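Chain naming follows the written order as A, B, C and D, and within any one chain the residues start at number 1.
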Amino acid sequence: MSLGLTLVSHVPEIANGLPKLLNQVAKDVPITTAGGTNDNDIGTSMEKIMQAFDNNSADEILAFYDLGSAKMNLEMAMEMSDKKVHLYDAAFIEGAYTAASLIQAGVGLDDVEKQLKPLIVKD
Amino acid sequence: MSLGLTLVSHVPEIANGLPKLLNQVAKDVPITTAGGTNDNDIGTSMEKIMQAFDNNSADEILAFYDLGSAKMNLEMAMEMSDKKVHLYDAAFIEGAYTAASLIQAGVGLDDVEKQLKPLIVKD
Amino acid sequence: MTLTVDTLTVWMNKFADKIETNKQYLSDLDTPIGDGDHGFNMDRGMKAVEEKLSTKPSDLTNGLKTIAMALISTVGGASGPLYGTAFLEMAKKSSSTDNIGELLDAALAGIEKRGGAKPGDKTMVDVWSALVPSVKAGNLTKDKIRSAVDATKDMVAKKGRASYLGERSKGHIDPGSESSGYLFETLLETEGLL
Amino acid sequence: MTLTVDTLTVWMNKFADKIETNKQYLSDLDTPIGDGDHGFNMDRGMKAVEEKLSTKPSDLTNGLKTIAMALISTVGGASGPLYGTAFLEMAKKSSSTDNIGELLDAALAGIEKRGGAKPGDKTMVDVWSALVPSVKAGNLTKDKIRSAVDATKDMVAKKGRASYLGERSKGHIDPGSESSGYLFETLLETEGLL
């Protein structure tokens, strides 16, 4: 069972930039992103999130987001998608970095979640 | 006494993108950034951070960073700079968003710090 | 108390008009406690809804689903998934009933599930939870709508962008509550519906 | 036990050579528990140091300060501010002493202050804190250096990127400890210094 990440940000640049930080420590972890609205304005898009799930080659996806409205679009996309997706209310960059590092090191989902616990800062 | 933000990220795109999110809710808050190394690679630069302090028109600066080595460069820049800078080990995007919103609403430093407390996730 | 494709269309066109007229006001409400885009978001969304409904939907369920998808795709902000879920839940419910009260009950449950807000959190949930019972009791009035919207003014936001301001969110009407107020006003103005 | 501009320059050139020879190995050490750049970072930094020192510094303090600033500006990763602070603290201390042991004491204190790591946290602090006392006691050896570096292998990282891996950081030598080992080896190899 392989694990991957989907990153959802209100800002296209952040969604594009964060994988550069993560790829350095997790070059084998599939990372897909959804940034901005369908018009590439500040906001999020359920369609882009569905696309990011689809484009991710992993069997199971860990999803991270920046602000609350991104979470709503994420949850809608999860309801409409066939992929198995786990959503974390973790600090966005710190949580994604932690998960990416651990998945690269071969750590399983349970242990990844344990290490994400102290990073849960929103709901 | 006016408050501003300096944002330090390993990734130039993240440093450039985050102010777009914050400007929407804090259009009067001075925000300056330092992203990437002097060669614009992934990493941070003390010189860029000093520049971001200097370019910030506020009297006092609240500083946020993504990963630990950014913090070291931030602290060096703080030691070398004349500006009054407060450094927070808060979730990067969530902390900066919270601080920007509150400063825009005219909240003072003490109350901003109180609201940042639950977002402290690293050291 | 029966929602049909025709009354739904009239209702949505009236709602779209009211949003367009008040889009600057809604965005202004969103400025001190949010990012100042709520009116523009809703206007973009309702223009897409109007456009979609200009082709008559085959039935009520499809009409409601079309509205939901248009809002989800075009609004952009938090109000997109929230209003979108409201209409999606109405679409689902419409396979077993066309009673507007029951449909709105399903919509409210959808908004609460999607956003996790409870009454008192200074969100559109405050307006919906105050007014859906009035619709069901057959006694919705403009005054009740106004009071439900105004009641959000002194609340402290617990959800959405305004919640970052804590106590400072007091003293401002919640923008999503104001737009929800318009939805109920235009419901009231739709002849033959309530 | 006296550091001079000349011995400092010889030491730094030897260190730069050792880093260059082993840059791939250092980066490989940084791959399983970091981002795989430590050797390239240090090589970039030490090339800048060599270049700066090709013009003879006016005195020891300026020499040490020049090294610090070159490392701070060019290394890019965490090791930049750490080695940079080490040389900056030596520069400050050099106004009152040129004793290598006392200078290294100040350097170690600077690294600890800058990074907040303690012995046992699987960082370069482990190597520095094990070896500075040997320098001062006049009994530094290659073997001691090797053991200090190797001791980091079974530690669990508490600071730096490797700390994100928790228990999984075990079983790998810390790259910054390896490069610090080179710094002490070349110190040993610098004639007339210890």
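Just a few scattered comments:
Everything below uses one rule, namely that contacts are C-beta pairs under 8 Å (C-beta built on N, C-alpha and C of every residue); 3 or more make two chains touch, one makes a residue touch a chain.
Everything numeric in this text was worked out from a predicted model, so none of it was measured.
Chain C has its Cα centroid 37 Å from the Cα centroid of chain B. With centres defined as mean CA coordinates, chain C is found 29 Å away from chain A. If you average the Cα atoms of chain A and of chain B, the two centres end up 24 Å apart. Shared contact sites, meaning residues of chain A that touch two or more other chains, fall at 24, 42, 67, 97.
Those residues of chain C in touch with two or more other chains are numbered 35, 161.
Under the stated contact rule, the graph of chain-to-chain touches falls outside the line, ring, star and complete shapes. Shown are all chain pairs that touch, namely A-B, A-C, A-D, B-C, B-D. Chain contact summary for the complex, chain C toward chain B: residues 32, 34-37, 161, 164-166, 168.
The touching residues of chain C, counted against chain A in their complex, run 35, 72-74, 76-78, 80-82, 84-85, 114-116, 159-161.
On the chain A side of its complex with chain C, the touching residues are 37-39, 41-47, 67-69, 72-73, 75-76, 123. Chain A contributes residues 9-14, 16-18, 20-21, 24, 42, 66-67, 91-94, 97, 118-119, 121-122 to its touches with chain B in the complex. Within the complex formed with chain D, the residues of chain A that make contact are 24-25, 97-98, 101-102, 105-107, 115.
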